[in-house]
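Here it is, the structure, as structure tokens.
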Amino acid sequence: MKTIKCVSAGFGGQGVLTVGQLIAILAMDKDLAVSWMPSYGPEMRGGTANCHVVIDAKEVSSPLIAEGITHLLAMNQPALDKFLPRCAEDVVIVTNASLVKNVPSDFKGSLIPIDFNQIAQDLNELKVANMAAFGALLRTMPMFSREDGIEAIIKKLGKKNESLTELNIKAFEMGYAKEA
Amino acid sequence: MRGEVLFNTDRCKGCSLCVHACPVHILALDTTRVNAVGYNPAYCFDMSKCIACTNCATMCPDTVITVKRLDI
Amino acid sequence: MTVVFKKTKGLTDAPFSYCPGCTHGIIHRLVAECLEELDLLDHSVAIASVGCSVMSYEYFNCDAIQAAHGRAPAVATGVKRVHPEKIVFTYQGDGDLASIGTAEIVQAAHRGENITVIFVNNAIYGMTGGQMAPTTLPNQVTTTSPRGRDVSKTGEPIKMSELMATIPGATYIERVMTADPLSVRKAKRAIKKAFQYQKENKGFSMIEVLSSCNIGWGLSPNDALQYIKNEMASYFPLGVYKDKGV
Amino acid sequence: MSKVLMKGNEAIAQAAIAAGCNAFFGYPITPQNELIEYMSKYMPDKGAFVQAESELAAINMVYGAAAAGARAMTSSSSPGLALKQEGISYCAGAELPAVIVSVSRGGPGLGGILPAQGDYNQATRGGGNGDYKVIVLAPNGVQEATEMVRKAFYLADTYRNPVIVLADGVIGQMMEPVEINTEALPLIAKPWASDGNLSRGHRNVVNSLFLNPVELEKHNQDLRAKYDLIEEKEVDYELSHDENAEVMFVAYGTPSRIVKAAIENLKAEGINACLFRPKTLYPFPYEALKKAAQGKKFVLCAELSMGQMIQDVRLSLEGSVPAHFYGRAGGMVFEPKELVNAVKDHLGGR
Amino acid sequence: MTVVFKKTKGLTDAPFSYCPGCTHGIIHRLVAECLEELDLLDHSVAIASVGCSVMSYEYFNCDAIQAAHGRAPAVATGVKRVHPEKIVFTYQGDGDLASIGTAEIVQAAHRGENITVIFVNNAIYGMTGGQMAPTTLPNQVTTTSPRGRDVSKTGEPIKMSELMATIPGATYIERVMTADPLSVRKAKRAIKKAFQYQKENKGFSMIEVLSSCNIGWGLSPNDALQYIKNEMASYFPLGVYKDKGV
Amino acid sequence: MSKVLMKGNEAIAQAAIAAGCNAFFGYPITPQNELIEYMSKYMPDKGAFVQAESELAAINMVYGAAAAGARAMTSSSSPGLALKQEGISYCAGAELPAVIVSVSRGGPGLGGILPAQGDYNQATRGGGNGDYKVIVLAPNGVQEATEMVRKAFYLADTYRNPVIVLADGVIGQMMEPVEINTEALPLIAKPWASDGNLSRGHRNVVNSLFLNPVELEKHNQDLRAKYDLIEEKEVDYELSHDENAEVMFVAYGTPSRIVKAAIENLKAEGINACLFRPKTLYPFPYEALKKAAQGKKFVLCAELSMGQMIQDVRLSLEGSVPAHFYGRAGGMVFEPKELVNAVKDHLGGR
Amino acid sequence: MRGEVLFNTDRCKGCSLCVHACPVHILALDTTRVNAVGYNPAYCFDMSKCIACTNCATMCPDTVITVKRLDI
Amino acid sequence: MKTIKCVSAGFGGQGVLTVGQLIAILAMDKDLAVSWMPSYGPEMRGGTANCHVVIDAKEVSSPLIAEGITHLLAMNQPALDKFLPRCAEDVVIVTNASLVKNVPSDFKGSLIPIDFNQIAQDLNELKVANMAAFGALLRTMPMFSREDGIEAIIKKLGKKNESLTELNIKAFEMGYAKEA
């Protein structure tokens, strides 16, 4: 398989680390090799957060993605600005449309701008925007199905709060279904 | 109007400590916009009531606020 | 119109790296204002410690030295002993001063070093993600007291001002807080007096400032101020614990 | 048991408890905080968890707990390890089993908090006083980290010696699927333990002081004999890819995985390379490395440092094969591409 | 004839390495007698510190561990936490406890470790040849205060019992001395109570014993006892500084 | 000035003051006590003397004083040096000139108090965190110790780097005739010092934190470039006796003098030997040693340890000449006779 | 004689603390001899006056002294 | 010249270190190479003390005398017992006769037993016994004269206490003059 090098990035509270973890869980459950590496430390304070998820058939070489990002979720503009230069030519970028306004005109990869905040607002729960993003991102990875995604959400988040899980899944499905 | 408050808006982190400190309740966060550092900044919605007590500036952790008093 | 409040020259223009609503920022400003008002900026050395305030060497508008975790009083001693005429102060958190740096703070006071210590007690290790500090309140939840601080296993919180006041070499010890405009103004008076004492060669002073860590406490910035006033200040009573300078 | 996705720091903690660790003493420091946090939550009630006042106190608590017969452990990161050096030397001198996890970051001084390997010397050459050796295990990922921490308890108890598990910030912070060995690690009798139990019939004393130089020399010789045994029996390494390659990489820990990617890339360009990965940094696989390097055009040692393990590589090679170095530092991590270019440069513009 | 005084079984037969007349020997005996009388010898662990008493692991007739300089309370914590049912005590000098080991003693008390600390304050570093300690009296001559301790540069001596008593986690703190038979007997009562408290899980106790270092002080053994009584005890008042156990 | 008979510890202290040391921070420990005692008595009034609460505090006071522009110094012995490692790493990271005298004794742990050389790794390989180097000078007697402490201040100021003078208990405790250089050591401007003087027009900050890894890597590279310069310019050693001898000893410090006696004894038996004595342990004279060893039957490295410098010797030789080791430890010191026998053994029963 | 003191003489370091502690002044150092460890050991020159108060033993740092009391 | 390897040993308070220092000063003043190395540390507490003095033409090799002692001053029996096995065959041993009673019958070197305590007692100053010993020891080293010895005493001890210096010199001369 072609190595997936996915970065999920945004503001501190946007839940981008969780999105990455969900993808990592999916990969693990498919017996793929996977690593999830977060940004950490005080520079995250009120600032940006991101994580690197690398998926490979047998073994993940570097858990850090220095370049050649294949999938990028950019939940805000700084996230896009920071990681765009490190993307592969054929990268798929999912953006949080209301907060990512400037995409360079010469960008050659695939761009999927969706207003996740809007989806969340529609569901009356701002927290679930990241689940919508997870849905949209997952759809760009054909090895995983919609059902895989729902299972992962239940596995990772299900126990804590059942009613929220339902909302999460709803948001996920809306993100997954959304055409850019 | 006995006082005037000025916000160095792009340093504001939207913590709202000034909002709570103002005895005449004329400060709020501007939820309609996001400043350069990503926060809803504080602003004064009714300067006429300001008594230049400096409470807001005293509580602001990010030295956003300047307070002037009307010379009488 | 007269400007009655503006940003002090005692601070550089670098924006603080603190979380929104963190009162480290207020305390920085108070220190800086005192230095400016006492005209000390041009001949002071700030000793930054390791904690959320580690970058304070970028904020105080004077010379600065970044010290190892807990060792700021030793570093300050080194500076002050070679430049007794300069103003030397440390800025330390509760992990830094009341845990790893216990020996250094106690012994600097013991020697009667003529320095000023700003001790920011926020009852937690902010920088490293909210672990328990020696000053964490009973039953307070932190990342290393996930079921709340259990005093039967970790003891009751240490009271540094009370402890430091027993040291014969210490001159001035006061505990203040940053819970509202009034207490912030009082805090400033204490800090100013401490610097004044140093100027007058009166010896060691420490101002303990009860401060918030809304992130670590899991509270809104304003609720965190209420927590200072209601919870912290009732376990850590405010007041002057020692004043040999009067 | 199926795999779970876990953070290295937490997986290490869980594996330690599974291996019978019943006394943990630590102090917060990035990037190992999750380890102490996990311990604070999951150390069984019968075990001991103390957030110490400092790294110095933590290692001395380990010294006490180990002296009293516990499976004791501490963890920290670079500057914290520096503070433990005296205590580690005491553990070695008193021949106490102790496990120390080091999740290293950039230095020197306060440095930075991102992953680095500038603490190779700190771990392998001590910095505490006197002639002593600490076994050093270097995992390359979360799964191996859990296995090595288990092995560390085994080695510590077996040899009555401190063991360092030298991880870097990547291993501490990343999540990987992991399966933790939950089988009980057999207890090794500790009749020497000073645990306040005179019913054994005699006093036990744990001590590293020998005022009589004849005795201290004897003690040093006994320790040396133990280290000789460790050097004979415990060397561990991995030699992967084509052993007859023209170029051999040497790397440990996380960077060794990046080397593997570089080797694939080189292969695509028709250059055949292999990897020698020391899994024990002390005892270092001197002989195996020398043997593996025979016939290679050169060896390229890749570290996230300005060059530390390279000295052990050179000590292995004794001039038999040229040794080159490629390093990044301060939290910067090399990409496969850089290693490919380095190899090509040394091959002479091929 | 009844034997009314004989060497306790709490001591081994190894002769002490102390200088003639050094009251370390008396304090050893008191500790050993208490352990014997409370029937604790078979389940105690002594933590020897670095100082003249470093070899005390050879003298106390129970299990023992030799700790690094100043770290005995941390070592004791390690032992006690894994064997809460055993009696664990440290025996520390003033250099060890009141200087390099300040953090460890304060924090062990802070955590409320259920251990007993015997703190031998002889106002000097005996072992290394008579250097100044934090407890060296004003104007006292030592090898590092050759012109007498100058409090303007080194501060006034620290008072550890007073300091430790401020720590909420500490249970019992008393200062005693070894100047004459009466005070030695009082010292024993204090030490015994401390062990009794530990047995009853009452928490941290420290007995500060004013002790002589006739060699370091340049006095005869008997004059040294007078010095304890007249000079030391007047700067370091005897008495109970804290007793949460009653 | 004529010679005076002085104890090494006191002579070092006097030489330091003569070299302009104006800030000393120390803590008692045998066998260096006379050094701090001398300082307490003779540090000029304008200078600073503080008996610190610990070695840890002492090195951090040195850090502060050096950061503020002083010629600052501390001294200690083995376990005390272990406690200074974090502080030394900070000094190196913040590029501060600092002089550290290490009067070493037997280890590990509390060990003993008699002279030993088990702290070679402690001094040359750090033990603090990160990629840093400390210049290490190794005197062989009291006179040279005074010269080297002077040189240490010069090197520290010149390179803005910590310098260790690694003496052993013999040098600290013995008396020898000595003539101390009283000429003022020229001051080197320290425009970077954080001494509370904004009249210079800008703020000075002394710091070792670089949260941005790009900056930290750059810092590491700059440090490396400095160390390269030091390795190029500051290597120092002594090659004595017949350079065409069949056997070469390598030894540093006090034992190198015993080697000289052994060489005389060997000569009497018709065996020609010479001595290579590194005077700088970092930078180690790798090339000079390799060159000097050419054509020798073997090199015999003699240390008062179980073998530490021998690794640097082997790194020098790169297998070109066999390297053997003879060591005593724990306060025991070899006699010339033992070295003679060791040489004869290796020569094969001649 | 109400008491008797026994000296484990070869442990005595001649510090004379017992001598000073004895309320009836019947102890002294024997300057005529040196014990195994090189000191003039303490001894009792008039046992008949001993009141078995144990002061001497209480002050002896080297556990040299055993005290017996006459049973009446 | 033949290397002098001299050990001066006795109880802690007997002043044996000073004797060694005086000899070292003498050697230094004659421009010889010399080292003086004391025993040190807590084992000296109330116990024994000794120092090693090595004198050579150009350079002292080892400041520690492991064997081949050429001159030994033994101020008490333990000192003799400890160092006798480390003496050269032709050693000269000066003993403090009243405290050193047992000399092995097979001893082959030169023995000079003198009662230094008696000399000191005769001078009513017990402290000066070591000066008498210094005198006796010095006489066994022909390269140094009686006058050298007196000069050394004045140089080293003169400043502190003049009247004691006179006594010191008297004791020295008596030791120097004494036939064994």
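As written, the chains take the letters A, B, C, D, E, F, G and H, and residue 1 is the first residue of each chain.
Heads up, the rule we're going with is that a contact is a pair of C-beta atoms (placed from the backbone, for glycine too) under 8 Å apart; a residue touches a chain by one contact, two chains touch by 3 or more.
Worth saying up front: this structure is predicted, and the values here are computed from it rather than measured.
Participant: If you walk from chain to touching chain, how few steps can bring you from chain A to chain E?
Facilitator: Between chain A and chain E, the shortest chain-hopping route counts 2.
Participant: Using the contact definition stated above, find the chains touching both chain A and chain G.
Facilitator: Both-contact set = empty.
Participant: Comparing centres built from CA atoms, which chain ends up most distant from chain D?
Facilitator: Taking each chain's C-alpha mean as its centre, the farthest from chain D is G.
Participant: Counting only Cα atoms for the centres, state how far chain A is from chain C in Å.
Facilitator: 41
Participant: Using the average of all C-alpha atoms in each chain as its centre, how far is it in Å between chain B and chain G?
Facilitator: Roughly 84 Å separates the two chain centres.
Participant: For chain B and chain C, let me know how many angstrom lie between their CA-based centres, rounded off.
Facilitator: About 26 Å separates the centre of chain B from that of chain C.
Participant: Which positions in chain B are in touch with at least two other chains?
Facilitator: Correct list: 13.
Participant: Mind pulling the chain D residues that touch 2 or more other chains?
Facilitator: Answer for chain D, listing residues that touch two or more other chains: 30, 53-54, 56, 79, 86, 90, 94, 109-110, 113-114, 207-209, 211.
Participant: Taking each residue of chain H in turn, which ones touch at least two of the other chains?
Facilitator: In chain H, the residues touching two or more other chains are 41-42, 46.
Participant: Touching residues of chain A toward chain D in the complex: what are they?
Facilitator: For this pair, the touching residues of chain A are 21, 24-25, 28, 33-38, 40-42, 59-64, 66-67.
Participant: Considering the complex alone, what residue numbers of chain D touch chain C?
Facilitator: Where chain D meets chain C, its residues are 27-30, 33, 36-37, 40-41, 51, 53-55, 79, 109-110.
Participant: Report the residues of chain E in contact with chain G in the complex, numbered from low to high.
Facilitator: 1-8, 11, 15-16, 18-26, 29, 180-181, 184-185, 220-222, 225
Participant: Okay, in this complex, where on chain E does chain F touch?
Facilitator: Going by the criterion above, the answer is residues 50, 54, 66, 68-70, 95, 99-100, 102, 125, 127-129, 131-132, 134, 143-146, 154.
Participant: In their shared complex, at which residues does chain E touch chain C?
Facilitator: Those residues of chain E that touch chain C are 99-103, 106-107, 109-112, 134, 151-159, 162-163, 165-169.
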